[in-house]
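One chain, chain A, links the two complexes that follow: it is found with chain B in the first and with chain C in the second.
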Partner chain A sequence: MTDAHVPLLEIEGLKVQFSGSRGVVKAVDGISLTVERGETLAILGESGSGKSVSASVVMNILDMPPGRITAGSVRFEGRDLLKMTPAERRKINGSEIAIIFQDPLAHLNPVYSVGWQIAEVFRIHGRARDAAGAMDKAVALMERVGIANARSRADQYPHQFSGGQRQRVMIAMALALSPKLIIADEPTTALDVTVQRQILDLIKDLQREMGMGLILITHDLAVAGLMADRVAIIKDGTIVESGVIREAFTTPKAAYTQQLLAAIPDVEKSQRGAPETELRPPLLVARDLSKDYHLSHGLVRGSSGMMRAVDRVNFTLREKQTLGIVGESGSGKSTIARLLMRLTDPTSGSVHFHGKDLFSLRGADLLAFRRDVQMVFQDPYGSLNPKMSVADIVAEPLAIHRDILSRERWRDRVRDLLAMVGLKPDHADRYPHQFSGGQRQRIAIARALASQPRVIICDEAVSALDVSIQAQIIALLADLRDKLDLSYIFITHDLPVVRSFADEIMVMKGGAVVEYGPTDDLFLRPKDEYTRTLLSAGEIPVWMQRIETVAHHGA
Partner chain B sequence: MRFFKRSLFTLLSMAGLLLLVFFLSRMTGDPSYLFLPLDASAADRAAFSQLHGFDDPIYVQFGRYVVDLLNLDFGTSLSQQRSAMDIALEAFPHTLTLVSMALAIAFAGAILFGSLAARKPGGMIDRLISILSLTGASTPDFWVAIILVLIFAVSLGWLPTSGVGGPLYWIIPLFVLVLRPFGLLGQVVRGSMINALSSPYVKTAYAKGASEQKIIFVHALRNSMLPVITVAGDLAANLLNGAVIVETVFGWPGIGRLMIDAIMQRDFAVIQASILVTACAILILNILLDIAYVVLDPRVRHA
Partner chain C sequence: MTYLTESTKVMKSAPQRSRFGTALSLLWADKFAMFAALFLILLAITCMVGPLLIGKAASGINFAGRNAPPSFDKGFLYILGGDNLGRSLLARIIVGAQTTMAVAITAVAASVIVGALLGLVAGYRGGLVSDVIMRVTDMIMSFPSMLTALVVLYVLGPSVSNLVIVLAITRIPVYLRTTRAEVMEARSRVFVTAAIAMGASHARVIFKHILPIVLPTLLTIAAVDFAAVIITESGLSFLGLGIQAPDFTWGSMVATGRNYIASAWWLSFWPGLAITLTALSLNILASWLRIATDPQQRWRLEGGHNHD
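Let's look at the complex of A and B:
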């Protein structure tokens, strides 16, 4: 018995299925894996692959019903978690196994102070003498995870913290009793890029300090490469590849792994429009564009503050080119999109489109402008009306701008547009819920193309999609630009995504432009400190950069 | 700011209410027909009207009423010949105790049963409780009142039919008043509890190792209280007004019965005073509700 090795966590042949109105779905279909003490295992997969479901089985927080564990065992230090009594199981949660969730705002209770919520872990497991003792420990933990003024901030509520700080609170809560195993379920996906790196570093430091085993669930290859010792790549509920991460990434055996690796934005492959030397005529010119918002939280209306969302921004979008606008949440990038779409008026400044002043357009001129500038939104689930067929959605611009095409020819046009974006013409009679996220985004692009626009504004258009799908959509956009002479304004928080695609990049912070120039200059010779932070945050580990080149050129 | 605005609106609507009551009550007819003997002469009636100021044009009467109000004079009861406000204030505590006890019972019961039902939506307990609360919410209270009196007071003789006295006198009126609020609140608690129990922060609590009681009554309950408080406030206002029926049926000397009696007797000052008292009670109730929101939800505090 002494020489028999007992891993920290051992999942064997786990099967989970969900029964719903559309039949039974096998979310996890026979997964086996182990985690050793002190090591990091990355579970890598795209949305719906079953990675989070496996985690919720380990954590005993699977919704049952509709979920059902049909086979397998989950052994923690040799004890089968699935065969324990509820009371035994509860003792382990929070004290020996803990979890860090993706969205800390939703996962913290809004009506209790963060100090109370951290202290609760000590109280539940009887590790503090009294409430005050538990609170002292909570404050010490908050200091440890890097929250300043922890004593006074402990009395504050989750909504008073920033996203990164909330995630620190979640981490403090998970680490409270120095568990042996931590599950981090997409711990940085909901955070701004510059904060992501800090949180990952914090998790790694604490893991080393306490010698915990870590299961890192992620869709992001760079995050996995940065953090993990070993990797298990999941697709459709089964593990397609597993092993030491460097080996799995350098000599991938499964076709799916190769596909994932190929989807990493390639530095050398260019999908840009015009060569940099060629200066094309300007299409859209913004000068000193500013937008203020009123904040009314004072007692008297007059005393309310002003928030400058966009601060004297200048840029030029040239024909057949792509301008990338990059920034974190609150940087003003979406306000620029709203201004360019004429959804809101600027406080000062001007935008000229084809030499015409955008903000003085009225009536027929404005309608004509709306034909020329279209938009693709971030969330392909929210931006398509679920009650309209694909044909109706794509033909809607034609219904608004009646002079484009006579009604009899709409149907053919819709079929052409669907073919253009890589869908089947027969998809026209289906409804949005019958499509995946990537397909929906293609439908949204087809809709944008219907009025034959000159400019398409993409507001985080690929952020909600899986990595491999992101690459496909960007390739599609590049292809359409060349075929249809389009220009793009591509708004994103993710610098690597735009590198191969944008001709120029404008980096924004707090409403102002911090750096603006040709893409390569910005990546190779960033002038501003903030741009450098953004670049280093999105960087893939050096050892992965090498394989990635190999993957691209080998393919 | 929000608070001031709300208070202002409440005051305005109260002024509107008093205006309406003043004129509507005077449309019910001449009180002299009720207070003087049937064979009283026209001269007697004129003298009565003159004595109480009913012969003045109605706008003059209203002006006098407003001036008196500002001097905190709420008028004199025709039937009892004493301050109308005193009469209303004597009756009000009877209503208040009855209503607040009924509400407390309904609230506690709704939280308990609603939470139990929400534990397993669609389960056996849930269905049983749903039937119970739906029945409660949809049974007419005057009918229940009469049936209960018939069974427990008349046939069995266990409980008194009406009036005030020992604890036995409370049982039927309380039961009748509790029924509807319990049913409605139970449904609201169940719904918002199911919502809260499926939220991500409840998952966090499970992951911490919290017990089920703790998750339901500490983590989920406080979050699910906000819609419940809104509905409970509405029900409390309804109860204050709706006590009229129960008080009349059971001879309870509260403000509801006082109002009915005053209307029957065209005792204008008493009608006005009792409506003023009820309106003030509802105003205070709304302030308490606002405070409850702030206490329960920190996000309201900092908004």
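Let's look at the complex of A and C:
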């Protein structure tokens, strides 16, 4: 080839190792990929697959040591980035290659105004005549990324912006110097679903307008399907499948791709309780449940306001059923969990458990309630005491409620419980940090089961987990419900996740219930506008829905 | 079940050893900590039996041996030299260890216990109780500690027990504030919420979940504080408000030797070295303890092999 075509970015045989006190880990093990101008490449993988490490090599933000690039080249418009001097790379970073991070709050400096921080990009690269000129450009950019009243908001600080707006600010900073390549590292993972869709649309628009290449790093198949032209699926530091995304998803060659596709929450494969023949007896009944929080603004007392976190909520959880509570952040769903666990008292309203008023329970009655209702938390890293062995953690309900089992039988019970949640009985002697996120969530479930509860409240119990692990945990919960006659309240922001699992769904917004009914009615005939927005935001692209049903019918 | 195989190279569960045996093997793995422990054991034995064996030599005045330099010629009692009244420095260090340790250990222990308890209450309860405790602490802290000590000792009169009380009071704020801050942080951890939701009593939450998180920090501070307390005590003794002759401590020995530092350095040097070695040993041991009690760090002591 004489006039050889030079791709925008070409990574060849990249290998990155991390050497720590626990030996050498090959985070990236021979990755090769290319991105053309105006094209979107999705790098798809679960946590620890090495997808973010490869991006940090391109941006020169890899921590070295412990990281070390052992082989490969990264060519940007034909020039090898790895052979450049730090000064040359700084010139390219920001102006020709820019990155959008997952957590905008962590990457914005809290003590400078947002406008100042965007303007800084122009100043650093000498693209503005003076401070005022830089500020004007910053304001124009903020308008372009859809921030209303950009002029006055430019003087505000990061904490005064919502998550979605902060991500818009990050995008503005990335776009400041019209880069040729944008790397978006999980740009919407920390955002609510409806906001997520808006941000993705914005990125797509801007990309089309400016003809940039885009590398989208994500764990979310739907996001990849929506955005990307081509996909590279990474597992354990190597690419297991790559190519045009529709082909890769429709005719997956690698087993791992098939596994990922199978983990998409699936309508056909219902995991709900037994079909409804007669109405089961109610177990937990909430009536007009409300909770207000007092807000104090600033230092001056008296200027405090009231925030209604939960607004006259009614629901009924029946025996052996699952109630899904769905809402975005600030919808009041987690406050409901706290109320039901008696971690906080309501402003008004009541909850009856087995006909007894929950909020008047005291002493022995309250202790009995705490035995019957257990909770599984979102963060499996935070909910297990790192200083306690797995045996002590799982046996904790037994230690609190001494009448369940005599002490000498705890050990056997713990081993049984671990087996029940798919762990090995030998794991009892280990400590939480020795387990993966999914395994820790299994430990948390084993602990919740120890006191033989009737109800388990799962507060975003699978949200922190990789998609394939999510599916396993949900299958486990469904299986346990049938075996142990459990009822669940399953709180989540992710509608598709509960579809196969919940019997009834309650959609919440701003503390109030917007729609409540049987799962199928809600999905097939949503009555409320907000429910429809949520449904369409969480939807996977139409072409992917097709391949999915084909794949499952074929299986 | 693929999810099990991913990271389940089950570690060889070690044959059930006793807790003491495990601790001993973890100590063996850190040679510095082992020497520190040996030194402290030696010190403890010295404190218990030293005065009985060598008490007379420590108070035997010998004007011929005034400020005698360290040498092997005058017998083993004068290996480290003699003090300004010709008493054997070795004997005095051995005998002085008992009072020094008694004062320092009680003072540090008292301030850790009182500080930690008040800090636990302030951090766990919050509200008015916390405010009152914290403002009193602020008051104690805003006084120069030497001034507090002087005033209290002047009013109560100098004695060993009053000295301990004063030393403890001036150190309490450090433990109290640290404990409160750490408790408040630990309280907001999800596993504490989880324990409360399971019906755990306050006592269980505090002693099973919060205290184990706070304790290593407190022990580390206590080890550092130990030397500070010995020095403060010597300062007070020097001002005539601490240990009074004929009683003496390492600190008061350093203070006495100060006058002769140009002509006879060994008067201050040997007791000073004893203080340093003790504080250093405690420090090393405290840092070993912090690692040994932390499941995430313990592998460093277990031959460094990988657990995952």
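Everything below uses one rule, namely that the second predicted complex is superposed on the first by the 540 of 555 C-alpha atoms of A that agree within 3 Å, B and C clash if a C-alpha of one lies under 4 Å from a C-alpha of the other, contacts with A are read in each partner's own complex, and residues count from 1 in each chain.
Heads up, the rule we're going with is that a residue touches a chain if its C-beta (ideal position, glycine included) is under 8 Å from a C-beta of that chain, and two chains touch if they have at least 3 such contacts.
What you are looking at is a predicted structure, and each value in this text was computed from that prediction instead of being measured.
**Q** Putting chain B and chain C onto chain A via the overlay, clash or fit?
**A** Superposition result for chain B and chain C: fit.
**Q** Mind working out whether A:I61 is in touch with chain B, chain C, both or neither, as first, second, both or neither?
**A** Touch partner of A:I61: chain B, not chain C.
**Q** When both complexes are superposed, which of chain B and chain C contacts more residues belonging to chain A?
**A** Looking at chain B versus chain C, the one contacting more residues of chain A is C.
**Q** Once the shared chain is lined up, is A:A98 touching chain B (first), chain C (second), both, or neither of them?
**A** Touch partner of A:A98: chain B, not chain C.
**Q** So in the superposed three-chain picture, is A:G422 touching just chain B, just chain C, both, or none of them (first/second/both/neither)?
**A** second
**Q** Quick one: classify A:R312 as touching chain B (first), chain C (second), both or neither.
**A** Neither partner.
**Q** Could you grab the smallest C-alpha gap between chain B and chain C in the overlay, to the nearest Å?
**A** So the smallest C-alpha to C-alpha spacing between these two chains is 8 Å.
**Q** Touching residues of chain A toward chain C in the complex: what are they?
**A** 21-23, 341-343, 366-367, 370-371, 374-375, 377, 379, 382-387, 389, 396-397, 399-401, 422-424, 426-427, 429-436, 438-439, 444, 447, 451, 469, 472
**Q** Across the complex, what residues on chain A touch chain B?
**A** These residues of chain A touch chain B: 56, 59-61, 63, 90-95, 98-99, 101, 103, 106-113, 120-121, 124-125, 157, 159-160, 170, 173, 297-300.
**Q** Within their complex, state which residues of chain B touch chain A.
**A** So the residues of chain B in touch with chain A come to 1, 198-201, 203-211, 214, 219, 222-223, 296-299, 302-303.
**Q** Which of the residues in chain C end up touching chain A in this complex?
**A** Touching chain A from chain C are residues 1, 3-4, 6-8, 10-11, 13, 189-191, 193-201, 204, 209, 212-213, 293-296, 299-300, 304, 306-308.
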